[in-house]
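Below: one structure, written as structure tokens.
Should a chain be cited, it is by its letter among A, B, C and D, assigned in written order, with residues numbered from 1 in that chain.
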Amino acid sequence: MLGDLKREVYEANMLLPKNNLITFTWGNVSGIDRENGYIVIKPSGVEYEQLSPENMVVVDLEGKKVEGDLNPSSDTATHVELYKAFSNIKGIVHTHSPWAVSFAQAGRDIPAAGTTQADYFYGSIPVTRQMKKEEIEDEYEKQTGSVIIETFKKRQINPNQVPGVLVNDHGPFTWGDSPASAVYHAVVLERVAEMTYHTMQINPTSIEMSQDLLDKHYLRKHGKNAYYGQK
Amino acid sequence: MLGDLKREVYEANMLLPKNNLITFTWGNVSGIDRENGYIVIKPSGVEYEQLSPENMVVVDLEGKKVEGDLNPSSDTATHVELYKAFSNIKGIVHTHSPWAVSFAQAGRDIPAAGTTQADYFYGSIPVTRQMKKEEIEDEYEKQTGSVIIETFKKRQINPNQVPGVLVNDHGPFTWGDSPASAVYHAVVLERVAEMTYHTMQINPTSIEMSQDLLDKHYLRKHGKNAYYGQK
Amino acid sequence: MLGDLKREVYEANMLLPKNNLITFTWGNVSGIDRENGYIVIKPSGVEYEQLSPENMVVVDLEGKKVEGDLNPSSDTATHVELYKAFSNIKGIVHTHSPWAVSFAQAGRDIPAAGTTQADYFYGSIPVTRQMKKEEIEDEYEKQTGSVIIETFKKRQINPNQVPGVLVNDHGPFTWGDSPASAVYHAVVLERVAEMTYHTMQINPTSIEMSQDLLDKHYLRKHGKNAYYGQK
Amino acid sequence: MLGDLKREVYEANMLLPKNNLITFTWGNVSGIDRENGYIVIKPSGVEYEQLSPENMVVVDLEGKKVEGDLNPSSDTATHVELYKAFSNIKGIVHTHSPWAVSFAQAGRDIPAAGTTQADYFYGSIPVTRQMKKEEIEDEYEKQTGSVIIETFKKRQINPNQVPGVLVNDHGPFTWGDSPASAVYHAVVLERVAEMTYHTMQINPTSIEMSQDLLDKHYLRKHGKNAYYGQK
């Protein structure tokens, strides 16, 4: 069942330690088959060396396990919420990568300070509000998804153009049109967090890039008239 | 004698350089056999490449060498004090890992700023007070243990729920229910020190997470109703 | 065609990941054959493992492709402008190396704070002004070159003595008398950015080195009476 | 001639890249045979992969080449001055290691903030004053040695107890009773610079350790009654 997607999700998971985004088992990747609504996700608390395409877990859009011997990631309900709300995305990543977490713990957006961010994120990378007592106590992982979705709605951010978020006091989630693309965005987010942290220390007053430069870099890669790469 | 524990302590010692917690010989791991009260610990000042299960040193709960050709770690008396006072722990680690030492030298707790810490430490990671002249001059290593124990008592911190400490102007000690678990906590402590340092620079005013979120994360892994992983 | 230069440019490109200056495909090296005015440059958006001397792209000094199956780097027009204006240089590098980008995003020069910089850069490494709306919208990559050239002219900096620049809100370009020399300067720039960032945090008030020390270090390597190395 | 010392100096030089203290060729190690007053030192500007015991250069205490096909390190005159003034040392290291350079460029001592430093340096690691125009212009490398020696004399620091220094706006020199010991101190200096930098950011007001703790740690390793390790 879903052999290709399982391999894809497995390989995307293995990219996390390869890109130094992971300590121990602190991270997970999922992918979705939009036709039948099945999600493939990393099992919970299993070490990366022990992963295989075969032990990936299949759940449905209710978060119920459809196939697999192991429990799915404890963050499964967050992934499910995001897949339901953001209808174009096909892969999701969660990590505790250190620079991203530093901003998440500070409760601060990563502002768009340069072209590295602008090449993949069309603006600031938002941080969610802190979660409320009742959200934490009841269906916490599902509510984590809800607060992400709320952030994008309230601030009118398009999740297809800003493929990532910082969950307040927790860490980053990123997504994309495939599990591998979601990992790519996780790397970009971590790297811009690192660079913009240092930028903020050098120049604490004004680091936002111009809207013109943001438009240019995002759109030369992602707009109708994109001309970057070999397309 | 104690062949299994020696191997366990040896392997836990070798995890320190593997996890980049060690410069030269600056660190040590011990384990205890609670039935007979014997402690197995790294020999003093020996390079990691020259360690083997066989050259681990056995001492008793007075700190006296029971077996081994080499001198035990110079920090042995600290380990002994902690094993005597914290009756549930079975492994102890000491390192000079750089982010933890940075906080220890600053004389500051690592506040609970996010879920990475909350997953393993139920609150701030405390720093001890500075040691007094007489504590330093007489039985210094034993007194180092005493000041750790005093810190947990005075501040009413449960060492089973906060498995680590920063010794002021010195560095971290961590523990757990096995030598490997103590190393795991040493890695977590180093990683949260790194992230929370950066968080404090981004947001110098308020970085403490909510008690609700702290409860949630600690207890979903460690409480009666833990549901993380494959249990 | 230009087999030697293609190999040289290929090898210089491969030095970028080797020296940890690169994430994904974010960087490129070119070289020029000054006799016939042909430039060899990395193809756009191709991963480093897939590069070979054969897939390097040849363009002329108008930026038109002369040979090659792939599109040249999207930054080609910037390289062309620099080769036209700085007549002694034979290699150019662009990266998004993190410390250099941190200064570029902050819009700040890297001041000459010590001998490491003075050994290769005869003064501060300048940051360009921000680009204007019309420069961004029309021939952006070419205008990026122009704003670099303007910076050196207005501030009367000799590009042979200061072989690098930070493009505002973007990142570094470096150059040299060969592609390999341009990479060498990219490494130096990244390393001095890292060190001088920390220097600025330790001592926010005065970190400029003396003109005498700057003269000494630059000229003992690059002046008429250079005596460093085996020459 | 001096085959053993050449091997020792060669091997100590190779420890520099192994311990991540080196970019390109920016560093050198020497050793001295105190009986005949000959110094063995790295050749100038040669890459580490091309070093061998055979291409080490022999100079006398005037800095004149006694044996070797290559030029000695351009810093040879500094080494010579230090060997003449500090009569107990037998090995010297110079690097541009990044954390040490950050303090050197800031013109600041590395204060004794914790036991890691106290284990090897009996107090602050001093920075020299800036060099004067005439010192820079005439016999610069020899004068670099002189200003180091002046620093230790004026501040009454014992070079046997504080085996390293930061040359203002330049970088660190360390020494020891062998070339390998000098490298060891270079690693310690770099590591404490890193940690104490972060300590200063967390706690900008008071980070000096107590004299009692400094005494204890330095003397338990280096005093008459040292009890660390296997001695």
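Following the convention adopted for this analysis, a contact is a pair of C-beta atoms (placed from the backbone, for glycine too) under 8 Å apart; a residue touches a chain by one contact, two chains touch by 3 or more.
Which protein is which chain? UniProt says A, B, C, D = L-ribulose-5-phosphate 4-epimerase.
Just so it is clear, the model here is predicted, and its values are computed rather than measured.
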Quick check on the contact network: minimum steps from chain A to chain D? 2
Indicate the whole-number Å distance between the mean C-alpha point of chain B and the mean C-alpha point of chain C. 46
Please report how many Å separate the Cα centroid of chain C from that of chain D, as a whole number. 33
Quick check on chain D: which residues sit in contact with 2+ other chains? 201
Which of the chains touch, listed as pairs? A-B, A-C, B-D, C-D
Complex interface listing, chain A residues touching chain B: 23-24, 26, 43-46, 70-71, 74, 96, 98-99, 101-108, 130-131, 133, 136-137, 140, 169-171, 197, 200-201
Interface residues, chain A side, partner chain C - complex: 113-116, 184, 187-188, 191, 194-196, 198-199, 201-203, 207, 209-210, 212-213, 215-216, 220, 227-230
